[in-house]
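Labels for the chains are A, B, C, D and E, by order of writing; each one numbers its residues from 1.
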Amino acid sequence: MLELRGIIDAIWSFIVGLLAGLGIPQWAIELVGYALIAVVMFGVVAVIVLFLVWWERKVSAKMQDRLGPMRVGWHGIIQTIADAIKLLQKEDITPKAIDFPIHFWAPVVTFVAAFMVYVTVPFGKGLIVSDLSVGVLYIIAITTFTVIGLLMAGWGSNNKYSLLGGFRSAAQVVSYEVPLSLALLGVIMISQTLSLGTIVTQQDNLLKWYVWRQPLGFLIFWIAATAECNRTPFDLPEADSELVAGFVTEYSGMKFAMFFLAEFVNMFTASVVAVTLFFGGWMSPFGPDFGPSWMWFLGKTMFFVFVLMWFRWTYPRLRVDQLMGFAWKVLLPLAFLNILLTGLGIYLFDGLK
Amino acid sequence: MTEISLTNLTFYILSFCIIAGGIFTVSSRNLFHSAVFLVFTLFSVAGMFVMLNAYLLAAIQVLIYVGAVAMLMIFGVMLTTRLADVRLRHVNEQSWPALAICGFFLAFLVYGLWDTPFTVSGVPMPADTAHALGTLLMTKYVLPFEVVSLLLLAALVGAVVIAKKD
Amino acid sequence: MDQVPIGLNHYLMLSGVLFTVGIFGVLTRRNAIAVLMSTELMFNAANIALVAFSRFVTPAALTGQIVAMFTIIVAAAEATVALAIVLLIYRSFKGINVDRINFMKW
Amino acid sequence: MSEFAAVAVFLLVGTGIVLFTFLLAKIIRPSAPNPVKLETYECGETPYGTAELQYNVRFYIYALLFVIFDVEAIFLFPWALVYRSLGLFAFVEMVIFITILVFGLFYAWRKGVLKWF
Amino acid sequence: MLQNAWIIPALPLAATVLIIFGTHRNRAVSSGISIAAIVSGFIYAVAILFNVLHDHGPHEFYFKWLDFGSWHLQIGLLIDPLTAVMLLVVTIVSSCVQIYSLGYMHGDPRFSRYFAYISLFSFSMLGLVLSNNFAMIFIFWELVGLTSYLLIGFWFEKKSASDAGKKAFITTRAGDLGFIVGILITLYACGTLNFGEVFTKIETGVFAGGLLTAAGIFLFCGAVGKSAQFPLHVWLPDAMEGPTPVSALIHAATMVAAGVYLVARILTIYIASESAGMVVAVIGITTSFMAASIGLVQNDIKRVLAYSTVSQLGYMIMALGLGAYTAGTFHLMTHAFFKALLFLAAGSVIHAVHTNDMQEMGGLGKKMKITALTMFIASFSIAGIFPLSGFWSKDEIVASTSGHPIFMVLTLMVAFMTAFYMFRLCFLTFTGGPRDQHKFDHAHESPKTMTVPLMVLAFLAIFAGWVGIPWLSHGFSSFVYHGEPHHAAFHFDIAGISLFVGLSGIGLAYLMYYKGTISPDKVAARFRPLYTLLYNKYYFDEIYDAIFVQPLYAICDFWFWFDQHIIDGLVNGAATLTLWWSIAKNWFDVYIIDGAVNGAGYTIRGTGSILRFAQTGRLQNYALIIFAGVILIWFLR
């Protein structure tokens, strides 16, 4: 019962019946279906982000031995909602000298790029919008859009700091994207498939999780992923001490909120991908049917999000040259090494089909 | 309205996006705008690949063109264009003749393409092309595969030598 | 909405138009990078045509897609080197206005 | 083709919702532009000169390297997909492919291009 | 002895050469050489005379000079009684004149040059007399003409002298033209120039008819020119500009006699062709009558003598023309002596009073006894008074005109006029009161060197005639004859008439100028038109001037104008034409050729510059062009 899939199907069949009555053609219904799913997904994402914001503040407070937001609700639970509403009605100051269209569309691109990943993410058993056959590649492709968003934000706001910030963050994201994609290769070599659903189904129990066979791959992936989200050790661009707020200096109001939202979504996505590819996604350690699949999925991802938050208050911020050097001089060679090792490993142990 | 009309609709929408994007890329005054329109056009081309069931190629298109090449273009624009320059006249003086000639070219192209009888075979596309591409690449097109690595090396070294400021 | 299913000619028309737009961009833009962008457009037009051929003419053998893949890669390599050259020109001429770079003459 | 319908719809719905929120914000928020506020933000300083970046090629180098290795990654994906079914021969090819490009990386490294200072 | 006769002319030639190239600075030496040469020539001539006296026959010595293929030019000597006489006359007169010149030319700066010319003249005259063919005679003929020109124009600083020289030279040359035509005709007719051969041809009738007449007339032209006959006589009066001894030698005795000698030498022609002879005679008588009439009114003493010479020559020519060979040659000899004497006497008078005009003289007889006496003797001789030589020679001439009544009347009238003007001259100069006291006081008798030749010539003027006395057995007529020797028949009636005419002339002159009963002015007034006509020499000079000189000038002017305008015009025109042509060519060259060349260059440059625009250097332009090309090809496919 806990599998949400059944509930969703029931709801869906009701809706279909309703629309059919209205005489809307079949294909239109399908589209409406997808639209509904998209809206629902947006809602889920929004809720998760709100929770994450709150959780992050609580965790960071806990780590700094303080209480964090307590006043708004029980333990400040509705603090983020208050923030959201605040941002909604804050004045959006757009400077005169900016290149308005670029400035306006940058947050949209960034958020949409982050949001579109969840089309092919398997939240649970059957809980996948559409299991693309080129899933992994799709995810990597979509994440490159964030770079475009960054650059647009940087250039659009016509501000030296934002321009420089845009450049640096773009360079950083770009540098870490290569090891990220190479790390995933190991998994693909073993799973021989790009679709996330099948990868998860292949990891049906604890022992078959790919992390054991791809420890180096996972390590590289995880480090690259944190860099992708501009999280702590690699959060140089929008570090307060450095370039004001990096490429978001000129943004305020809802556009700023959108960037903020996109950042947390990226954080969540990173952990989702880590979980799906290396830790069996919605698979419980004991088999496919052991408890609600999405519960497992959310647990694992929340754990990895916690790890990200954990990184934030443990590691010192890297210098720019260390940051970049690390990507090219350490991660990339390791990634290649990983590929070779997995290649040999597959050849030696599993034998080739 | 059948399934086909849906695909027709999407095709026309996508082609409209591609053409409009192309025209804007070429004709927009602000260089950065044209870069962004380029990204939009490439994305729509990727969509077109999806229409043609070439999913892997679509992903590759998005990954390389949008992620790398377009990003490179934007980098180039940002590095070389002073903000003030962006407003300069962006079209040189031979735009009108060029327009005319391109018009003629298009007319001939269309005329040429329209009446050449391509042999269209009815065999449906295989669903998953990724694996097929992979095997094909590794077996039949090995040489180009290795040559591409050399090409990339050459491009890398060349670009580094040219761009490195010493 | 005409009921004719999307055939090969549609794609070829599309690629033709895109190609022409690309050529127009190459011929008229004053900025080197704009010219490079237009060439990218031309590459894509070619890819569409290739993939269309592979989809309609030889669905079994994916040669079209392979060639498209290779063109994409070559285009990428070409873009990097071209941009390196453009940056070099920018460094020496403080501007990449193609009109001023007119040394291809006797 | 139908798989990507979801992608398309997601794209449209996503942008739709974001634009909707912007519209909502535009309606709700007050707007009181005054010259000072509208100046580009210079930590309170009066902004001088255009936001022109003094030319340094390091950013471009990274982009360039990214393009080359991204293309390499692209080649690796199909190979990875069919690695198991192809056997040792494909593996040797890939080793050659990777060594050539690693040599490229090594060259870039030795040339001091990767140093950021 | 005879074949060495060429020594006679050689001696004066040697003298000339010696004087010119050697001793022209030393006056005495040069004059001495010249006189010695001529006197030795005289002695040799006398020897020849005696030689020829006893052997009349013509002696001919000649050798080939130039060989012209079929014909050869020969040079040689012909000695016969006529030659002997002429040699004698020339050498005697030349010696007397040269001795006389010592005194007359005493103060002249070009003293030795004068003697050189005189010797050269003697050489040419002697050569002429000795020559045996037409060519040789013509050569010496020209030499005589040359020397006469040199001597007439001796004082060339005087314009009148140089003009007279030129006039003489040109008029004689006109005559020589006819002479040479005549020679050519004879050459053409008889193929040889030798006298003997020509005369045999004439006698044999080979050379006869119109051709002979023509030859005769043309040859006679030479004589007309040289002996100052009717048409060509104008030069002789002007020739008086030369020194008086020259006039005496050349214009009295020798040169003018050359013409007569020539006619005598070739008389066979005129005997053979009656018409030619008649022409000669007519010319002769007209000349003598016309000259005598002019002589009546002349005031210049030398001009009177000149006209008398012309008239006497006319006598001789008329006689020869009528066939009287002995009469003509005999009068030639006697006339030479008394005419030379007259000239030399006039010379001493002029030397004394330094003027030629008789009106300024008068009463000189008292001052110059010898000159006056010799002058009177010569005048009586020329007038033809009984015992003197003039009487015998003139009588023969009048006798020769017996067959022709007109000629006889005219001859007698001329004799009357000759006597009249001779004594008019004598009375005006020597008798009566001195008209110019100043000159009269300075007048003095000439020195011995001048008076001795006068006396010698006076002696000859008296006794030379006696040679021709008819009754003498070996008289002149038997010595110098043409055809058969014949004795001159003396005609008392003719002699008487001529004597009476002479005396009447003398009487008239006596009345007009000595007694003054008839005043010459009144006579002149009555016959004013006749007087002015005669005084102006029948206006011959003016006529000739009008006929020849002015037309010549006119022609010259015309030709000058012609040359100036037409020829120069043509030349200049040609020059300008070529100038224009060159300009046109230059223009053509500059604009067309260069134009074309430069044009080509410019067009190439032009098209080059046009094409240059295609080279914009911008890739996009090239791409556009290429692309357009593709479409074009596609379109044209």
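Note that a residue touches a chain if its C-beta (ideal position, glycine included) is under 8 Å from a C-beta of that chain, and two chains touch if they have at least 3 such contacts.
No experiment lies behind these values; they were computed from the predicted model shown.
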Shortest contact path, chain B to chain E, counted in steps: 1
Farthest-lying chain, centroid of Cα atoms versus that of chain E: A
Most central chain, judged by mean C-alpha position against the global CA mean: C
C-D compared against B-C, more contacting pairs: B-C
Distance between the centres, which are taken as Cα means, of chain E and chain D, whole angstrom: 141
Whole-Å separation of chain centres (CA-atom averages), chain B against chain C: 6
Mean-CA-position distance for chain D and chain A (Å): 15
Centroid spacing, where centroids are CA-atom means, of chain C and chain E in whole angstrom: 127
Chain A, residues touching no fewer than two other chains: 132-133, 137-138, 158, 163, 167, 170, 174, 177, 194
Contacts with 2+ other chains: residues of chain C: 23, 27-28, 69, 73, 76-77, 79-80, 83-84, 87, 90-91, 98-99
In chain D, residues with contacts to at least two other chains: 3-4, 51, 53, 55, 57, 59-60, 63-68, 70-71, 74-75, 77, 80-82, 85-86, 108
Pairs of chains, among all present, that meet the touch criterion: A-B, A-D, B-C, B-D, B-E, C-D, C-E
Chain B-touching residues of chain C, taken from the complex the two chains share: 1-14, 16-25, 27-31, 33-34, 36-38, 40-41, 44, 47-48, 51-60, 62, 65-66, 68-70, 72-81, 83-88, 90-91, 95-99
Partner chain C, residues of chain D touching it in the complex: 55, 57, 60, 64, 67-68, 70-71, 74-75
Chain A partner contacts - residues on chain B that touch it in the complex: 1-3, 6, 30, 32-33, 36, 39, 55-56, 58-60, 62-63, 66-68, 70-71, 74-75, 77-78, 83, 86, 127-128, 130
Touch list for chain E against partner chain C, complex: 615-620, 622-624, 627
Contact set on chain D toward chain B in their complex: 1, 3-4, 8, 50-53, 55-57, 59-61, 63-68, 70-72, 74-75, 77-82, 85-86, 89-90, 93, 96-97, 100-101, 103-104, 107-108, 111, 113
